[in-house]
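So that you can tell them apart, the chains are marked A, B and C in the order they are listed, and the count of residues begins at 1 in each.
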Amino acid sequence: MDKLAAKIPQGPLDLKWTNYKAHQNLVNPSNKRKLDIIVVGTGLAGASAAASFGELGFNVKVFGIHDSPRRAHSIAAQGGINAAKNYTNDGDSIYRLFYDTIKGGDYRAREANVYRLAEVSNNIIDQCVAQGVPFAREYGGLLDNRSFGGAQVSRTFYARGQTGQQLLLGAYSALSKEIAKGSVKMFTRREMLELVIVDGRARGIIVRDLISGKIERHSAHAVVLATGGYGNVFFLSTNAMASNGSAAWKVYKKGAFFGNPSFTQIHPTCIPVHGDYQSKLTLMSESLRNDGRIWVPKFKEDAEKIQKGTIKPTAIAEDRRDYYLERRYPAFGNLVPRDVASRAAKERCDAGFGVGSTGLAVYLDFKDAINRLGKHVIEARYGNLFQMYEKIVDENPYETPMMIYPAVHYTMGGIWVDYELQTTIPGLFAAGEANFSDHGANRLGASALMQGLSDGYFVLPYTVQNYLADQIGVSRIDTDLPEFEKAEKEARATIDKLFSVKGTETVDSFHRRLGLIMWDFVGMARNGENLTKAIEQIQELRVEFWKNVKVPGNNEMVNPELEKAIRVADYMELGELMARDALIREESCGGHFREEYQTEEGEALRDDKKFNFVAAWEYTGENKEPKLNKEPLEFEFIEVKQRNYK
Amino acid sequence: MSKSAFSYSSIAKKIVMSLAGLFLTSFLVVHLIINLLILFDDSRELFNQAAHFMATNALIQVFQYVLFFGFILHIILGLILQIQNWVARPIRYEKKGFSELSYFSKFMIHTGAIIFIFLIIHFVNFFIKAKFGHIEPITYASGTYEDLGLLIVKLFEDGGYVIFYVISILLLGFHLDHGFQSAFQSLGLNHSRYTPFIKAFGTIFSIALTLGFITIPLVIYFS
Amino acid sequence: MDLTLKIWRQPDASQKGRFVDYQVQNISADASFLEMLDILNERLVIEGEDPVAFDHDCREGICGACSLYINGRPHGPDKGITTCQMHMRRFKDGETIVIEPWRARPFPVIKDLMVDRTAFDEIIRAGGYVSINTGGVPDANAIPIPKRDADTAMDAASCIGCGACVAACKNASAMLFVSAKVSQFAVLPQGKVEARERVQNMVAKMDELGFGNCTNTYACEAECPKEISVSHIARMNREFLSSKVVSEKTK
């Protein structure tokens, strides 16, 4: 169990991080130059970490899958970023942000980590403003805030509907500054294929140049993974097309534990699926729930008419509408956390009250808000979102209610890390969505941006330095070492194997089939029987994949089909682990909902006696059952309660 | 020049280009006013008087060189900018783009080139003759001047020349329509309220100037 | 709907490219343009042909990766959107669609419809940042910024770096892209400190990379998926001019 030591510093909750920083080991400036750090990923966590390492004087190599760091999927976050600034004087504090986050995560995260997150949240806002991030402001020139799901205070900072973009461009500008200075070297269009471990420590990576197909070796004293989440295992998700879980999966197979893989967030406000050719789902910012009211018809006959297209939603009278969130959760109403809102939508649609041609959608109605505030106010707040909706659905949301349905959005699970964000492989760190992190079983809105930047700007620069302090005697790692040789061979073997199948079915087709299994059995509502079925079906599909996948072309070219094939091959294994994790967790918590474990009212029913732990999965070999390790979660400073948003 | 003109920054070139352009525009206004005098009286007295003043006033004589320099600068910079622009897209599109908000900007080099040819012919026809050739004097009550007006009247009796002149002036108008508002943009003068005004003014100004210049040969030819 | 696609195919940067015609059938009007290309590619893979390479990622109009020149217009016929946000209902059944890569000397073709836009990153590296390090910055509310200025900065900052401005410009000029970044910092107090060096260095880098000159045609504004105004170009010209006019020597 030693491997699972969380290494939480001593002392009271609010002094733990201060104590850590006061006693950690440092590296002096002249030695920093001699130490190399690899950062994989250029999203919020990766870019901010790489820039900060560069500023400290380390020699940094950063790898990105795109042509530019600015394309990382952090860019797509719309709503905002939380911070405990209490600028609105509505009773916010670091403790309250910490408490909301841990409660929102259904008490499945570490207290100390979450507290640190809340603690540095304020620094993030300061940092971003100093970088020139154009946050929304009040007429008096000070920063504006808005409210978000799962909180009773307004603590969300935003930049129109493009907060992720602006924060990423801020981190990208800091990174660009360091690249210009020469402290950071940027490698674009590279995909990580393998991790290299030398004498038990992470010492390098093998990457594929996506343009030439060249397989390259890169070495460093420490490796940071900031490669994002693996929501694309579901095929349809709000993730970008290139977002993938392969880097995380490769390090898992090299010995890093995988934490809570089944914890997936299904976002309640996405544009519903409309065709089988569909390549991805589009999120509509959760901030819409501030002013929009969610409803379905109160009577089945109305719902059926709507599904057939014989009546319009505007024709349904007020007393024939069921504002089910307001009805079930009067205190939080439309602003309940994401998992609650998603499940409630599914419950109504499964019961036959869904709308749209598929019956798999609910309404998000702005009529009242437009009447109360005027169309111009709604336009100023959500204009770009409404426009986006109209482009996709071809309906005007100012006149007819929006249709929304939940979709896979974020993975709370990820590589297991300790308090220092170090994985079970020494010298390998994981940050942002890639780690299993601070969100427990459910992430609150506007917290992903906070966590990515917290890890990158304010945590890793300390903890990686603490790790590197005893590495100053280690000279540059030679990429001719046999360990690099071996890792490169493994990477090449996978590629060769994929080409050698020469089957008849495309990668996308397999991916779509995997996605369906995942959505049906490992999606919003799970049960033991279905999860067992999912494991079997994924195993069968995996066998079929390796017998019949068709990858055209060769390695020495721009080959997007090969890129996808490598990722899908990993999803075929990762999907199974997710199902296994969901199967052993015989409770409902946050985004993980087991139908067998619910209250009479259909709310999630936790089992704190048996499942108050982080499931840290350990790889044991090809086609062998993975080993489950448990990191118990201890709550010293807060009382664990049933979540209640009523 | 210590630096090659190519190495000046694109914006610096554009700023000089626009200043030269605006200066040349002001010259056009003066030129038009004097030209219009020829329609004032049949004896061309007023026009010849003005021409005499322009040819003898010391300040104007000095300014002549400034003007000459302005033309050269505007033309050379225009050429350099255009060459750079062509080089910037070695492979053209199969299907040409049609989006623009200032249509005539696409043809500045073409209109410019024809205006340049016009300028040379114009120069040979008038300026060189006036400056170095012999022009018959004419005597009025106010004094004796060279009868430059007669030169013009004679030229504009030739239909072919009138057509060439009118077309050139029309192109000059197109050139100005874009050039006028563009100069303000290049100088960094863009304002939510004033820019639409400048654009409208530029267009009206270009039309007025074109009409002004065109009226003269037409009136002379048809009378 | 059935369509004829005329697509630029080029194996890599060193080889010559050409247009190849493809037919696609039964495309739903609700499919996005890129989904239509996915359908074509899936068929090409099954038929053993090389699928068409194009850049794309978020498919919701914010990452700036997608970059197709469709029927003579960057990001296709609609205003204010990227290629990935365009839907097939915008086209007519039986239509021929010409799809080309962005064309500009600083954007060489990598393969088919993919171009290399790292020139934009180089311009940002020349000064598109505020030179502060992590930590040690004042409180976020220490400097009030007029809402108007913050909004102007946000207008400029909404640039997604897709390069449509360069693709649309008859001169392949990058002025709209560069000015958006210069402008964002020029109106914010945080950016004022380095304003002079920033505008000079970024413009110099832009010129050095071989982008064309601005002729104020404003095709960039007409085609920008984020509808960024050319008033930012004017602001950059202004900034540039004042940075050159006022130049005091320091010891």
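The rule is simple: a contact is a pair of C-beta atoms (placed from the backbone, for glycine too) under 8 Å apart; a residue touches a chain by one contact, two chains touch by 3 or more.
Everything numeric here is computed off the predicted structure, so don't read it as measured data.
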Pairwise touch network: line, ring, star, complete, or other: line
Greatest Cα-centre separation from chain C belongs to chain B
Would you identify the chain whose C-alpha centroid lies closest to the centroid of all protein C-alpha atoms displayed? C
Of A-C and B-C, pair with higher C-beta contact tally: A-C
Could you tell me the distance, in whole angstrom, between the mean C-alpha positions of chain A and chain B? 63
Separation of the C-alpha centres, chain B versus chain C, in whole Å, is 37
Taking each chain's centre as the mean of its CA atoms, chain A sits from chain C at a distance in Å of 27
Among chain C residues, those touching two or more other chains are none
Listed in rising order, chain C residues that touch chain B in their complex are 6, 8, 19, 69, 71-74, 98, 100, 103-106, 168, 170-173, 175, 200, 203-204, 206-207, 210-219, 221-223, 230-231, 233-241, 244
Listed in rising order, chain A residues that touch chain C in their complex are 48, 51-52, 55, 66-73, 75-76, 85, 87, 123, 125-143, 159-160, 162, 164-166, 169, 172-174, 176-177, 179-180, 186, 188, 211, 238, 240-242, 274-275, 277-280, 282-283, 387-388, 391-392, 394, 457-458, 461, 504, 506, 508-509, 550, 552-553, 557-558, 560-561
Show which residues of chain C lie in contact with chain A when the two form their complex. 11-12, 28, 30-32, 34-35, 38-39, 42, 45-46, 48-51, 53, 55-65, 78, 80-81, 85-87, 89, 110-111, 114, 116-118, 120-121, 124-126, 128-135, 137-141, 143-147, 150-151, 153-154, 157-158, 160-161, 184-185, 188, 190-191
Going by the contact rule set out above, which residues of chain B touch chain C in the complex? 9-15, 81, 84-85, 87-102, 105-106, 108, 178, 181-182, 185-190, 192, 195
